[in-house]
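The next block holds one structure in the form of structure tokens; read it before the comments.
Chain nomenclature is as follows: A, B, C and D, assigned in order of appearance, with residue numbering initiated at 1 for each chain independently.
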Amino acid sequence: MIENISIYELLTVSTILFFIGLYGFLTRKNLIAMMMAIELLLNAAVINFVVINKYLFPDMLQGVYFSIFIIAVAAAETALAISIIINLYRLKTSVAITETETMKY
Amino acid sequence: MDFSYTIFILLIPITTFLLLGFFYNRIKPAVSGWIGVTALTIVAGLSYYTAIKYFFYTPKLEGKYQTLYGIKMNWMNFTDKLHIDMGILLDPISIMMLVVVSTISLMVHIYSRGYMDGDRGYTKFFAFLSLFTFAMMGLVVATNLFQIYIFWELVGVSSFLLIGYYYEKPSAVAAAKKAFIVTRFADLGFLIGILLMGYYGGSYDFGILNNPEGAAIMNWASSSFMGLSVITWALLLMFMGGAGKSAMFPLHIWLPDAMEGPTPVSALIHAATMVVAGVYLVARMFPMFYFVEDGYALHVVAWVGAISSLIAAIIALTQYDIKRVLAFSTMSQIGYMMLALGVSKFDGHEGLGYMASMWHLFTHAMFKALLFLGAGSIIHAIHSNFMQDMGGLRKYMPITHITFLIGALSISGFPLTAGFFSKDEILAAAFEHNKPIYFITLFVAGLTAFYMFRLYFSIFWGKKKEYEHTPHESPWSMKFPLMFLAFMSVAAGYISFSEMVTADRAIFHIHFDFVGAAIAVSVGLSGIALAWFFYKKPTDYPEKISTAFGRFYTWTFHKFYIDELYLFITRTIIFKYISGSFAWFDQNVVDGSMRGIGNKTVSFSKLIKGLQSGKLQDYAVAFAGGAFILVLIVLYVL
Amino acid sequence: MDILTLLVVVPFLTVLVLIFFGKGLVKSRTITLVGSLVQFGLALNLLFAYLKERAINDSIMLFSRDIMWFKSFNIHYAIGVDGVSVALILLTAIIVLAGVFISWKIDQLPKEFFIFLVILAAGVYGFFISVDLFTMFVFYEIAVIPMYLLIGIWGSGPRENSAMKLTLMLMGASAVLLVGILGLYFNSNADGGALTFNIFEIAKVHISEDTQRLFFPIVFIGFAVIGALFPFHTWSPSGHASAPTAVSMLHAGVLMKLGGYGIFRVAMFLLPAGALYWTNFFIVLAVIGIVYGALAAIKQTDLKYINAYSSVSHLGMVLFALLMLNKTAWNGAILQSLSHGFMTALFFALIGMIYGRTHTRDATKMGGLLKIIPFISMIYVVAGLASLGLPGMSGFVAEMNIFAGAFQHTDTFHRVASILTVSAIVITAVYILRVVGMMLMGPIRFDEFKNLPKVTWYERVGIYLLLIPVVGIGIAPMWLSNMIMDSIEPFFKGVEVLINK
Amino acid sequence: MERVFFYIFAVIIIVFAIASVTSKKILRAIMYLLMSLLAIAALYFMMDYAFLGAVQMAVYAGGIIILFIFSVLLIHHVEGEIEEPSKMRKIGMALLSLLGLGISLATIYSFDFKVATKTATTSVENIGKGLLNYGEGGFILPFEVISILLLAAMIGAIIIAKGRKNI
């Protein structure tokens, strides 16, 4: 709990962060940049976990654990994603999202 | 009296058929010929024995011949009441037919041994003959309508197989197909008639249906359709089947073409036995025909018979193919039998027509088989069917000549031949009951004498021809049947039919009417005389007469264009338009609509597959937008 | 294990053995041959066991067995046979056996071919023994799916297209059927009690008349599509034309019979009031199918197309007979199913043989075959005669039962329909004789056909296997007819009660 | 005092986040992202979750950001620029995001959070014990699962990135 700061302010920050991430995910044309946007999304979620844990159930730690797990999963995901991106780059010599349309139809 | 041995009359031919059919390429031709002849000799012997036993040694019931069953067993059940039996029914007409069929079949078997000698399918031929004999015997002894129908169809098939025997000749194939399909079409009527009869009459069994006091006859008026009793309709439909098989106008078109088959086959099937099946059917169902609706159906039979006999006789005048002349003559004579049945009444001497019809059937079988076999002998000798290629053959083929002459005299009703007696009774019956028909009959009798002797004189007399190979008399295997049948063509007239085969099965005596006979004989003789005058020596009278008739002659020569009419109806209308449009409809409309459903699905999927762009962000947009919309709905709408 | 379950298990065992040991043509066909011989033996054994048991046991279904399968939906593996199913099982066994002989020399992927063939057979057996709607449906699908692969891989001509059309239409039908089955299932507690798929349980329930009227056409069409009801028959000509010989045989001979059988077992038995309400409508369709199939056959030149349209016509008679709602006609319907099964399988086998020799199926391109391959040609004529209902062959017996049944209705509508149906026998004669005349008779028109290989022993065996029942039923229909008639009785009760009202 | 810090960090988070999703230069975008993440870590510290803040800094700043940089260096030039989306798309997506933001904020502000009054300090020891506790409410199982997941991800990443040999 941060003194004089209400839960609403914190949640506002995380929400804004989330939608910035969403905006990034929707507009970026580069896979790595999209990954970054995803990191923002995840961070917004983590902030929410932490804030709600802290403000509503201060004597518990579940939010913290989940945050840790999320960070771990994010790390794993990023590692995999980047390896896939590198592989893709070898195939197509590009990481532009427009090049990866094989999911079509 | 035990007649159960009669089953062998059926079993022997079918066994022969199976034997020859299965081992057709392992049996030597000579052996198969002998097998056929032996089998038929036994069958004929059994038939004669049965006839003698039945007519002379079986006691009559109240002075009437009774109906006996050689064997009778259940074959199939439709319902509790309706069932099909298989069995052997013995009564005067069936026994008479047994005798006719077995005699002619035996003669044809013997004859074929000579006629078909050296043919590639010799064994097959005898196998088919046996099959036919079996089927015809089965038809004759049928105990019920369905059995008769079953064998009726089998007879049709064996006829198909035998007409198409020279299957490499396209005309023979066409003729076989035509014969089968036309008779099959007629059988359609027969079958519907049987089914109606089964439903309204309550049984298929002849014993039940034909009982004059039975329910089927007594209750004929209980149901009606278009102004006639349904039973009458059934009888008319059944007669349609009979008319098809017996080549009655207008279903006769197959018979002339059927002459494409080997000549012994024409003699057996298309002259003596199978084609009279229609007559036999009407005779078999005679009580029904007579009692239901005061014999309405019987009038139809009479008139169809009369018209057929007239038309056939007229067409026969103009034909040149000797087998076709005989074919039209057959049709004409069967018309006689039909009209005799048609004018007949039921009781005692009133049933003269019935008796005359059966008698004529018997004698006609003999002399027409004789004529056909004689024609076969001639064709065998000079390898042509046409009168123009013949002439003066009497010197080369004395036996054929004499026997043919006897046959021709018999069919023309020359006094003291078999044909004279039976035809005289028909005329008498027609005179008694139906005057217009009597005059038609009399006229036809004259025409018959004329065209038969036109045939006779053109073949055996007339101008002398130079033949490539000198024609020679046929071997004994062919001569013997000719002689036997020639004998029968005279002798059959002296059997007292009125004491054996009558409508009500009671005996009566014929009153011989000299005036009637004299008229008939003089008509016949004048026909012969005219033919003698025209054809004895080559003259130009025939030419002149035919030009004098002009258009009518051409019409007649083309058999009144009935064939062409049928051809138009079937080939053009049914095949081309109806069937063709159905096939088109199926390919394009029905299948097309099914394919159309498929195509529409595909094109719709093409339409919406743009949504699946494969671009991750598009999906994400849709996802996010959709999620927002859902949230909005949940929050503010619900 | 009881003898009915064995019928289903043995094919799957055969498949297993095939998978592990069926390498190459000789091994795979030997295994399949042994498997189908065992099947045939089982089917014969079943026939005799049935006859023996029937004499002392008068319950509707014999050898029945009921094992809970999915408890939550009350789905059982419920089986049992009566005379009808016994006869059809025997038909299947014979056709499969003959099919193995006909496919003696199949050169492309023999192992896989036989595997799918046997799976198909297993589905059919299962269908015939099921008395639980769900089990029935499962087996139905097992039977239908292999068709796609069998036609798509081993077929000829536009096979992918035909296979696709066939499968999609049959799948569409089975979707409709599933709706019907579920409809029955959810109405099976109309009198209280649990929901059930068992047909005899459902039969005891009084389903309301409106419900019956709603579901009868659904169930009927669901089954009738595979029975080639007009206008849903179009999968059949192209499917048959593209399928390899043995598959055509099995398909036309057995698979298409599932339709009539299903209607008899399910639609008529469970929804009698619906049946009564809808018959006239479906009679019209059936009669159109009969006449129209026959007329369309006249115009075809491809032998398989002729036969396929002929099947449409003949199976139309099965549906027609079922709709006549009397025992004689129903008996005829089952007999016609059997008869058509043997006959059409024989036809397809012969067509396969002719095609294997001449490499054409166009009847106009052949001529005078009777002289070159007399045995095959003669049997073709016999099969043709059987097809046009010649007495002494099975087709006649069946058709006469149908006609005799049809003529028990006296109203004009039924009369006209019956007469049109009867008239099909003439049209049949026309198209059969047309082919016989064109292809078998006449002069030899093409030199390349002068020397065709003689018939081989395995082809002979296949032919005789199919020919003997055709002639056998034709000559002595009594036993078979009585066996079927007895079994029809309980299934007819529902309709009978309503008619008598 | 804390209020001021909070707002400073909040502004940093948001501004750098925006910069990171709009910057054309990819390497710069990564640096902006790093700044944003560090600011988030600062928030954790302020909330007395020192451990979490440390994890955030170590994993994100130390791990993920480095990964990003490496991958960019592997496949882009240092000065690599990102292709710009069309203006229409930007506006559309911005509107969509604002819509979402509006909905979310409206929802948040209309909800009455029952904020607990008491405070409790959290030590790393607590967190560690909780994670490794296999009693009631313990997180040992998820912990182990995560370990395996990380291992799998590691192996997977290596295999995938290695690619097929012949390429």
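Everything that follows uses one rule, which is that a contact is a pair of C-beta atoms (placed from the backbone, for glycine too) under 8 Å apart; a residue touches a chain by one contact, two chains touch by 3 or more.
No experiment lies behind these values; they were computed from the predicted model shown.
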item	value
Chain whose average C-alpha position is farthest from chain B's own	D
Between B-D and A-D, the pair joined by more C-beta contacts	A-D
Identity of the most central chain, Cα criterion	C
Length of the line joining the C-alpha centres of chain C and chain D, rounded to whole Å	67
Computed distance of Cα centres, chain D from chain A, in Å	5
Distance between the centres, which are taken as Cα means, of chain C and chain A, whole angstrom	62
Cα-centroid distance, chain B relative to chain D, in whole angstrom	101
Touching two or more other chains - residue numbers and ranges from chain D	93, 96, 100
Touching two or more other chains - residue numbers and ranges from chain B	621, 624
Two or more partner chains touched - positions in chain C	none
Each pair of chains that touches, named by its two labels	A-B, A-D, B-C, B-D
Partner chain D, residues of chain A touching it in the complex	1-13, 15-24, 26-30, 32-33, 35-37, 39-40, 43, 46-47, 50-51, 54-59, 61, 64-65, 67-69, 71-80, 82-87, 89-90, 95-96
Chain B contact footprint on chain D (complex, rising order)	93, 96, 99-100, 103, 107
Residue numbers on chain C that touch chain B, as the complex places them	165, 168-169, 230-235, 237-238, 292, 295-296, 298-300, 309, 327-328, 368, 370-371, 385, 388-392, 396-397, 400-401, 403-408, 410, 418-419, 422-423, 425-426, 429-430, 433-434, 436-437, 440-444, 477-478, 481-482, 485
Chain A-touching residues of chain D, taken from the complex the two chains share	2-3, 6, 10, 13-14, 17-18, 20-22, 26, 29-30, 33, 36-37, 40, 43-44, 46-49, 51-52, 55-56, 59-60, 63-64, 67-68, 70-72, 74-75, 82-85, 89-90, 93-94, 96-98, 100-101, 104-105, 108-109, 113-116, 118-120, 122, 126-127, 130-131, 139, 142, 146, 149-150, 152-154, 156-158, 160-161, 163, 167
Sites on chain B touched by chain A in the complex	609, 612-617, 620-621, 624
